[in-house]
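Can you read through this structure? Questions will come right after.
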Amino acid sequence: MPLAGTTEFSRPSGRAPDQLREVRIERGFTRHAEGSVLISFGDTRVLCTASVENRVPGFLRGKGEGWVTAEYGMLPRATNTRNDREAARGKQGGRTLEIQRLIGRSLRACIDRKLLGERTITLDCDVLQADGGTRTAAITGAYVALVDAVQGLIDSRAIKPPSCGRSPIFGAIAAVSVGIYRGVPVLDLDYAEDSDCDTDMNVVMNDGGGFIELQGTAEGHAFRRAELAAMTALAETGIAELVAKQREALAAS
Amino acid sequence: MPLAGTTEFSRPSGRAPDQLREVRIERGFTRHAEGSVLISFGDTRVLCTASVENRVPGFLRGKGEGWVTAEYGMLPRATNTRNDREAARGKQGGRTLEIQRLIGRSLRACIDRKLLGERTITLDCDVLQADGGTRTAAITGAYVALVDAVQGLIDSRAIKPPSCGRSPIFGAIAAVSVGIYRGVPVLDLDYAEDSDCDTDMNVVMNDGGGFIELQGTAEGHAFRRAELAAMTALAETGIAELVAKQREALAAS
Amino acid sequence: MPLAGTTEFSRPSGRAPDQLREVRIERGFTRHAEGSVLISFGDTRVLCTASVENRVPGFLRGKGEGWVTAEYGMLPRATNTRNDREAARGKQGGRTLEIQRLIGRSLRACIDRKLLGERTITLDCDVLQADGGTRTAAITGAYVALVDAVQGLIDSRAIKPPSCGRSPIFGAIAAVSVGIYRGVPVLDLDYAEDSDCDTDMNVVMNDGGGFIELQGTAEGHAFRRAELAAMTALAETGIAELVAKQREALAAS
Amino acid sequence: MPLAGTTEFSRPSGRAPDQLREVRIERGFTRHAEGSVLISFGDTRVLCTASVENRVPGFLRGKGEGWVTAEYGMLPRATNTRNDREAARGKQGGRTLEIQRLIGRSLRACIDRKLLGERTITLDCDVLQADGGTRTAAITGAYVALVDAVQGLIDSRAIKPPSCGRSPIFGAIAAVSVGIYRGVPVLDLDYAEDSDCDTDMNVVMNDGGGFIELQGTAEGHAFRRAELAAMTALAETGIAELVAKQREALAAS
Amino acid sequence: MPLAGTTEFSRPSGRAPDQLREVRIERGFTRHAEGSVLISFGDTRVLCTASVENRVPGFLRGKGEGWVTAEYGMLPRATNTRNDREAARGKQGGRTLEIQRLIGRSLRACIDRKLLGERTITLDCDVLQADGGTRTAAITGAYVALVDAVQGLIDSRAIKPPSCGRSPIFGAIAAVSVGIYRGVPVLDLDYAEDSDCDTDMNVVMNDGGGFIELQGTAEGHAFRRAELAAMTALAETGIAELVAKQREALAAS
Amino acid sequence: MPLAGTTEFSRPSGRAPDQLREVRIERGFTRHAEGSVLISFGDTRVLCTASVENRVPGFLRGKGEGWVTAEYGMLPRATNTRNDREAARGKQGGRTLEIQRLIGRSLRACIDRKLLGERTITLDCDVLQADGGTRTAAITGAYVALVDAVQGLIDSRAIKPPSCGRSPIFGAIAAVSVGIYRGVPVLDLDYAEDSDCDTDMNVVMNDGGGFIELQGTAEGHAFRRAELAAMTALAETGIAELVAKQREALAAS
């Protein structure tokens, strides 16, 4: 497997293979939502809001548990050419549904839904500007919005953590894409790389180094075990950095 | 008709009856669109993008004219309580359709579609945060995005203005709401006033002082001629200020 | 502002600028509905039925108030060329939704919903033949159907007016269009005028001379304050005539 | 099989078992359509319009033949209790689709589509008031509207009948319902009978006495050969009367 | 009326005019459903499942009766050329709705819904391969699936037949198509005949020789009384054979 | 990581951890499609048809390439309890869209679309009976149907392989699920395991041992690198067996 280090390899952005784009996490971007985060992975910008409602879907009614779900959207001109507005077309596309199911599953992996109580937290992830990696930015930002919303519940004593003081949130979740670009495993693909790579993989992990979701697709040629190992290793380092960014953002008052 | 001046009258925001909220117009908010403006009327924030496409709707094909149209959306948690996402519900609501038809009609009133040529400019107005007056902010911001998009066509020589140097855009368009709040005519209602007023009117005007659209609704009691006159007079002064803000924003490089 | 009086001005129909088309109001046009009115404004013919149901929408349940709402439709060949049937297309268009929202808001302005009790009255306005002004005819006719339906509730003692004898209906509502046609303000535009005018305004008023709704659109050129004043004055006289027609129709047994 | 003649049998309407309701056919009910007929079978009233368009569906393009199709609708309060508007619900129900397919098939059985040329005639059948038998009234009325529309094409020389003078229409089509009500075969069921009968059959025939469509449903008990024969015999006499009514209506200028 | 017997007449399949295709009924084709039958009428193969649920539609709630309903579908490539998948198109077509309404009505004619109790049995009829007569095969197979499902309820004592030992099912239902093919009445049309016949009629009968549904359509020329009689006679013999096949299949353990 | 070998571990089916269910591949299950395969992974049965059409989607028109796409469906009672029919609900769910996108991407990885020419091959995968692993069975079966369809094109000389004799299909594709069940990595999960496992991963590979798609989801606890390695190793052996089964099925005439 060709790896980095050859003198001629370069990424369109000039980044090193294991280098994330600049990540910014801005809490409180809008004022109505219980959690509201504008996250940027370079030029990819996603507004993630967490909304708390005192009701649960039918299948959970009366069970004493809460629910966490996600919806994803892209503004029509978040991309290089304008896409039809899904509301005007009258349905969400397959890609949208796939992404919002992924975000929801990922975030449910860090919360104790019994401790949450009969509430639904909806994570709306709306892409204001897209440059590759919108779903991984969405997951990483939605986690911060979720923490803010749950903290609000604790602060207002709507949720009373048990004597041991546990919050319903028991870990951090972040996500990043990795891929094989011109034969070299790279971290956090931007659009230029994403549309020209051999393999593209989205990895969701927790802060304990465990995998939550792994979705790899061979675009050009099938990938091998060694490539898989190289990509997951890159993802691990990237996610460790993202978790640190989340902590830093949450530490700021 | 009870007018301002009584000592006890005050607006929830503390503004004077004829005072606009703080208006900010940020051009180039996103990078893909031919025009991209984030406009704020106080806490109301709308992202307006103008997208140029080299095609026209069926009814204009082959006629040598262009088209300007608008789409409007609100992020689910732009408001105080979360609204269903229209894309998920599978259709745009009546309010949305009404607003986007209004935006489109308003902006078509300032452009010579023959000079535009066989192109469509779509104005996407997406509300990031709502605090009343989203449609008037959208129209006011969309005008700036439209000017940027048309200027881009001129700069790239896609549109060649005739020798007389005319741009396809022949005037400015701005919009503001006025209403009767606790008996007093007021300018630019925020959500607190909007949900508690007797009459609410949206006014679209051009920079020549002409009316483009006028939509007034009696909420509590029917309004009288004198009230109509007072409201349109307020709108005129508000729109003159908004046109000045647009010019200022467009003058900045 | 050019006003009427020049020798050469003439309307396609030969009417004077302030002359309504022939208005006919036929009560009891169909037999199932609690109120059923066929209204004609010249060649525009709209069937307005009022249906009473003993339930209210979710947001009013248990509040002791009723609801009045409207739906609008046009038969596919009500117009000069056939339009797609909305039921077959699978959705109501923006124009339809806008009109039915307007009809509902207008009629709610004449009824005390507490006195109505927990009932819904639905006003179905279906255009059998269109020649301009369908929404204003619909509002004017729906008022008569609404009065008939409410009177039926009183007659059957379903509603018991309080000792003071008040009906839930506390005023009359009628609507008319006005516009600037070839520079002249005119009343009650037919299709020929509507499709060729500079400004078109729909005005809804009550029998006390107050404005309920005002929706003006500049088609060709922006309109001025004086034109607005001339149009609203025309509307006032037109609506006074329409209210008289409604009374006359309701007086007939 | 129990037949009429017992002293105690009576229809809710007092009609004889083989008696049609009063049938009225009013041509030119609306003015835009190429054919426009209001037909009444007693209290059932259906507006049937025929619209001519110079295009054919995709599967016929370039084949030199025309098409005849139908759409059916019921105003929401055509019936005793209000039905949801299909346009608002976002789809046509199964009953509606079934009926409009039946109307289209029936009318295509009387026209030479080659002689019609590459045109589509759409028959819109909208029920203004329902009292049983709306589909049979619709077929009977739509035939008259179709004849008027085709005659208009001939009169305007859009269709030039060949030297032998044949019109594209080569026969008459009419429809009626028959059923077994309280053991007795009856003709042209009204709503009271329809909702309380053992068997209900809709019969479409041409003026040559041939069957075009036959749709029988046992509601209460399965019907026997002899009952089938009695019902079809009743239908034959009823349709002969209806065809005479159609001729009479078409003979009037 | 030309009848069989001429030397030159032959059906595409070589069958005699009154000969059914080979009919196979395979119970227990899938394992989850309470009844699951794969029925073949020659190359037409339909999977019919009966699903029992302990709930009834809103209009029956609390009335102590059950409901039997049907849904029909065709796999996209059940036919000679691929049809769009209805789930992907977003709606069921008119033909589908018409057929599933027919299946539901037919099967409700053999069951005592009071004895069934507050349960819904849904008959899903999915065409795996089509060669004409899918709706008649579906009805004939769905009856067997329905019997199996009801027997399961009796066996598990969910339904307790009264002392007289009556099952909720009080008769058998089967269906077959008949038609006039090249002037000759024939039984059980396959696709080659169906697409080239003059008249096509679907007949549903019970095992007592009564008609449940009769739906005849003249494709080429109108049919006459004698043809109707010949077709219904053929249907009677065909259905008697089908009922025998159903009994045989149900007798096998 | 706890691995197999403890005496107490057992799978619900009694299979060894690395044991596939019985796999059967039945070609020519239906007769109309160019490829038609009924594949069984134990009780999971999926009908996969390949349909060839001489047209391509808009984005490929005129480019001299073909397209391969997939649609997935489940009969309403393929599962233990009945699911709503997607065609009746009016839309395909997120899970359905996700699966059919996966099938399409997977199969496109084994075909040279230039050699295919301007044709579309649609793979319809309809689940007749579900017991876990429907998407992996669908991919494995659809590959066989695809090969049959392409071979038909070659046999009929619609596709003329170049002198070197290459078929457009350049490899085999198969898929299997793997997971961690009660701490033990297992191959080819059935429903009982799938609904009770810690991690579930779907793996698509080609016959060269390369990964095409990898989709892993932590259900209970996050999975570790070693678990990922164990699961992908299991998948490799399972897929080698499946490819052998495909070859065997294709070798039979």
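Annotations for the structure displayed:
For clarity, chains are labelled A, B, C, D, E and F in written order, and residue numbers in each chain start from 1.
Operating definition for what follows: a contact is a pair of C-beta atoms (placed from the backbone, for glycine too) under 8 Å apart; a residue touches a chain by one contact, two chains touch by 3 or more.
Here is each chain with its UniProt name: A, B, C, D, E, F = Ribonuclease PH.
Being a predicted model, the structure only gives us computed values, none of them experimental.
Looking at chain B and chain E, not one chain touches each of them.
Chain E and chain F have Cα centroids lying 34 Å from one another.
One inter-chain figure worth recording: chain B and chain F are separated by 52 Å, centre to centre, where each centre is the mean of the chain's CA atoms. For the pair chain D and chain E, the distance between mean C-alpha positions equals 28 Å. Shared interface positions of chain A, i.e. residues touching 2 or more other chains, are given as 90-91.
Around the closed ring of chain contacts, the path that opens at chain E and continues to chain F reads E, F, A, B, C, D. Those residues of chain B whose C-beta lies close enough to touch chain A in the complex are 30-33, 36, 43, 45, 47, 49, 51, 53, 71, 73, 75-80, 82, 85-88, 90-92, 96, 122, 124, 126, 128-130.
Within the complex formed with chain D, the residues of chain E that make contact are 91, 93-95, 97-98, 100-101, 105, 109, 201, 205-206, 208-218, 221-225, 228, 232.
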